[in-house]
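First subunit A sits with subunit B, and in the next complex the same chain sits with subunit C.
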Partner chain A sequence: MRVAENLNAALHGLLDDDPTAYVLGEDITDPYGGAFKVTRGLSTRFPGRVIGTPISEGALTGVAAGLALTGNTAVAEIMFGDFVALAFDQLCNFASKSVSMYGRRLPLRMVVRCPTGGGRGYGPTHSQSLQKHFVGMPGLSLYEMSPFHDNRAVLGAMLERGEPCVFFEDKVLYTRQMDQVDPLFTVRRDGDLAVVELRDPGDRPDYVIIAPGGVAHRALAAMRSLLVEQEVSGRLLVPSRLYPLDVEALLPYLGEVVLVAEESTAGGTWGSEVAHLLHGRLWDRLRGPVRLVHSRASVIPTAAHLENEVLVGESTIHHAVREALRG
Partner chain B sequence: MADIRVPKLNNNDTEYLVVEWLVEDGKPVQAGDPVAVLETSKAADELEAAEPGHLHHVAAAGTWVAPGAVLARIAPEAAPAPPAGADTPSGGADAPATGADAPATDAPALFGGADASTGGPVVTDPARARMAELGVTSAQVAALGLSVVRRADVERLAGSGPDNGPAAPAGTVSGPADGASGQGDATASGATDLDTTAGTHRLSRVQRAVARAVTTSHGTIPAAYTVVKFDVGPLLARTRGLSREVRRPVGLAELTVQAVAALHPAFPLFFASVDGDRAVLARAPRVGVTFDMGEGLYVPVVHDTGSLREIADTLMRYRLAATEGGFRERDLTGANIAVTLHTDADVTLAIPFVFPGTVCALAVTSPQPELVLGEDGTVTARTVANIGLAYDHRLINGRDAALFLAALRTELC
Partner chain C sequence: MTETLDRLRLSRLDDDDLELLLLVRHFELKLLELYGRGELNGTTHTCLGQEYVPVALRPLLGPDDHVFSNHRGHGHYLSAFRDPHGLLAEIMGREGAVCGGVGGSQHIHRDRYLSTGVQGESLPVAAGVALHLKRSEPGALACVYIGDGTWGEGAVYEALNLAALWELPLLLVVENNGIAQSTPTASHMAGTVGSRAAAFGIRHHLVVSGDVNEIRASLGPLVAEVRGSRPLVVEFVTHRLGPHSKGDDIRPAGAVRAARDNDWYDRYAHDHPDQFHRLDGLVRAEVQAIADEVAARPPARWEGA
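So, the complex of A and B:
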């Protein structure tokens, strides 16, 4: 099953199970079913609870927060995650505060979905990874879609937190198969964490990469080429919740060489938050500081060959691992 | 025989689902007949036969195929069908294991790789190189039943494992094992034991060992020498930042050792030793580095070249040991390549001898300023160092030496 179908099924399941659940967004109703077809079939099955909105990210996010504040479950779709910046005020100054500023904790069941990232030729304003701008906001949790986490369970986990969540969905994942990896590797789950390792481990891994779902397959391609060319073996950790990060869950899987790969540009990133948390726990055991792998500091070009040069890819990660191992 | 390859049907997908075969395996088809239905994330598409013949399925219905992969073959005969799952027409049993050279560019790479479709193991590049050296066939490594075949597996298969095999030429590097070895500059290192009465100069213990190694080298190793000028200015500028980063002193020596070690996978012969008509390869790079602090010339070995920090640690310890003579036995044994350092600013060329048991030695002279003409004709300065390679001509030729030095430049600068 493709990731987009899995997410579509998850939304069907949510609307089925929860009569107070609403889905809002631009062009999400049938027959169009959303720019990435993730909401296909929803408005036909659940008329009145799947609402096509005008082009106003601030307004639709505000409505979603209002629905949540009054006891409903709300899922808002930002058509391209770049435009979640327009809803920043609703998230930062309203939704996240509403959980705690009314004298007692007031659970908000709310998810803002953000199709994220490049690799599809959508150009500078439709391809960014804005995760870092939302890291560290009290009352706001960040999740990222991955091919190794069932979306129904992830949706459930987000709503159970009782606080607004932003769900980053790397667009390149939509057409990929769930749970599929190169046959060299196996995937297992430890709670929230997906652990991808060599099926036939030579010994303990020489390095560990932490990467959210959208970057995972690029990390795996790098892990394959590193194994085949250099006999260097690695392990990949894919968390579903980015923030607050459950750093304790990572610790048993880390070694002396750790990298974090993410598609955003460098500077105040999720990866630097991860690195900081790990340095506090592992400083004595690390061979060097946790290394960060980012896209180049550039707008994202539309032309595919130029886009490739800017975004984090297999070779960026491959190179970073070699550098890390060389010290 | 013609292949039907999976066309690029849209830009959104890296693979498509084979929904169904419209023509059964082995049945005749005419040119233009639809033979299979593929589904993308957006639509289903029929593929047609380009020429008449008998259709042989390569991908099964219900599986995922990548653009460029072979979906089916059209043969003039109904039989024999090609081996199930054979993805590339490479065929021969001795084609480098599992045809992994072919599919890399072709199909998979991302998910659901070619090695699964061919059913064979993934053979790493170092393992492949070792197979060629030891005469191990693809069939033999396939019989191991491993999903990944590494270099060590090949060596085990050939009965030349770590314990009984070639390993490092430790035992044969007699000079360093004796506690000393080095170059012919007998001046500084030996003047400790003067026999004043006879008007002769008796060599020190360290220098006698040097002399034995030099004599053996010149008597047995046909050496040649190539020297290349490196623009090391940017490199030296980088060392300061690196020193801070690893919190150890990092200079040209540390970076050269690291760069030389990194060339081991690509240039195994440079780390080998000669045994009659064979070259015995080393499993890992172990870089001997010359130290002469006035107490004799030592060539301790950097055994662990895993990180710059380890290299910097080791060299710092050796610098201290060289002033106090405090080397341990294991510090001085096991080199399979050597780097000789010349820190005197006036040295522009130094030809190291090749330590017995190794096949080459690098000489790094001190960086010096040099005037150069810029592209616009203006005169500017840069900092250069001559890095030379003395090598055993039985194993290495001039072209290889030049390639090695070029690769070193890439690695270093």
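So, the complex of A and C:
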């Protein structure tokens, strides 16, 4: 099953199970079914609860908050994640603060879905990874879609938190198969964490990469080439919840060499938050500081060859691991 | 001359309404006094001069309605709950504060009442609430208070578009006091509120009267239509008597004088002296007692998020 189908099924399931659930967004109704077809079929089955909106990211996010405020479950789609900047006020000043600023907890069950990232040639205004701009906001949780996490369970976990959540969905994942990995590797789940390692791991891995869902397959490609060319073995950790990060859950899987790979540009990133948390716990056990791997500090070009030069990919990660192992 | 005076004469209110008006007035005056003495933290925006707006609306709004207020919301809150103790404790950070002292003057949530300090932000939220009400509690409405200056925000227009498009039970109350912080309406708004509402096909009703009974009579049928999912913009031409917040009034003396000349307080005292003086002193003393009592309370405790 493709990741987009899994997410589509998850939304069907949510609307089925929860009569208060709404899905809102631009162009999400049938027959169009959303820019990435993730909402296909929903409006036909759940008319009235799946609502196409005008091009008004701030308002549709606010409407989701209003629905949540009156006890409903609201899922809002931002057509391209870049545009969530237009909903920043609603998320950061209204929804996330409202959970606690009235002196007692005000639960809000809402998820803002953001198709994220490059690799599809949509160009500078439709390809960014904005996760870092939302890290560290009390009352706002960040999740990222992954091929190793069932979206129905992830949606459930987000809504259970009773606070607004942003769900980053790397667009390149939509067409990939769920749970698919190179036969060299196996995937297992430990709570929120997907742990991917060599089918026959032998000793402890030489290095560990932490990467959210959209970067996971690039990390795995790097892990394969590193094994084949350098005979070093790695382990990949893919958390579904980026923030607040359950750092305890990562600890048992880490070794002396740790990297975080993310698609955003460097500077004030999720990865640096992860590194900071890990340094506090592992400083004496690490061979060097946790390394961060990013895309180049650039806008994201449209032409495929230029886009490849800029975005974090297999080779960036491969080189970062080699450098880290050299020390 | 007699004719003018007759026209300006305010109709007689029930004691209850007048008491509420006076409660808001003396509450706000007390706040400015407490600030002046350095007894309060942060800032506050009083609704001096505008008290009659929520008081006029009070019986038109029911317990099932949601009210979204803004930075200048004490009158809105007191009209909804008559809870000067809880509000003052909130502003003073004392025990019994409606929101534990976390929200302060601008951020209050209680039952179906919510205020925030970001201009225009609540409109899309209110549209979402109105959507819920239309589906699940037909007959109830979402009422939002904003000032004239807030019409500079895009969120207002995104929400008005939705309200009209989706036929939401949304009542937008505009307290047009002719000024936004220090910027006169003429310097921040092109066109008019009425024409902006018209652009969305939303009905606009202008209230120039300061007479509570008269306002209620004119608004009653219109608010009933909102309940039938016809959004409405009601614009009050009103006057801000005091400073924007604590002591930041840079208006020319003429503008302040014009606000005073229109003040319901002096007008009512003139038109109905017996009733006014019977109640005014009582309410003033009541507010004084509340302030003393709340000030003596221990600090508010917050359990955290």
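Structure notes:
Keep in mind that, in the parts below, the second predicted complex is superposed on the first by the 326 of 327 C-alpha atoms of A that agree within 3 Å, B and C clash if a C-alpha of one lies under 4 Å from a C-alpha of the other, contacts with A are read in each partner's own complex, and residues count from 1 in each chain.
As a working rule, a residue touches a chain if its C-beta (ideal position, glycine included) is under 8 Å from a C-beta of that chain, and two chains touch if they have at least 3 such contacts.
Everything numeric here is computed off the predicted structure, so don't read it as measured data.
After superposition onto subunit A, partners subunit B and subunit C are found to sit side by side with no clash. In the overlay built on the shared chain, the residue A:T70 is in contact with subunit C alone; subunit B does not reach it.
The angle formed at subunit A by the C-alpha centres of subunit B and subunit C is 150 degrees to the nearest 10. By the document's definition of touching, of the two partners only subunit C reaches A:S56; subunit B does not.
Shared-chain residue A:D16: touches no atom of subunit B or subunit C. When the shared chain is aligned, no partner comes close enough to touch A:D190: not subunit B, not subunit C.
Legend: residue contacts after superposition of the two complexes on their common chain; A:G103 is shown touching subunit C, with no touch to subunit B. After the two structures are overlaid on chain A, the closest C-alpha atoms of subunit B and subunit C sit 33 Å apart. According to the touch criterion, subunit A has no shared surface contacted by subunit B in one complex and subunit C in the other. Chain contact summary for the complex, subunit C toward subunit A: residues 66, 97-103, 107-109, 114, 116, 118, 121-133, 135-136, 142, 154-155, 158-159, 161-162, 165, 302-305. Only residues 2, 4, 120-121, 174-177, 180-184, 198-200, 202, 217, 220-221, 224, 227-231, 287-288, 325-327 of subunit A touch subunit B when the two sit together in their complex. By the touch criterion stated above, subunit B contacts subunit A in their complex at residues 11-14, 41, 64, 100, 108-113, 115-116, 122-127, 146-148, 150-152, 245-246, 258, 262, 265, 306-311.
Those residues of subunit A that touch subunit C in the complex are listed here as 48, 53-54, 56, 58-72, 74, 89-90, 93-94, 98-106, 138-139.
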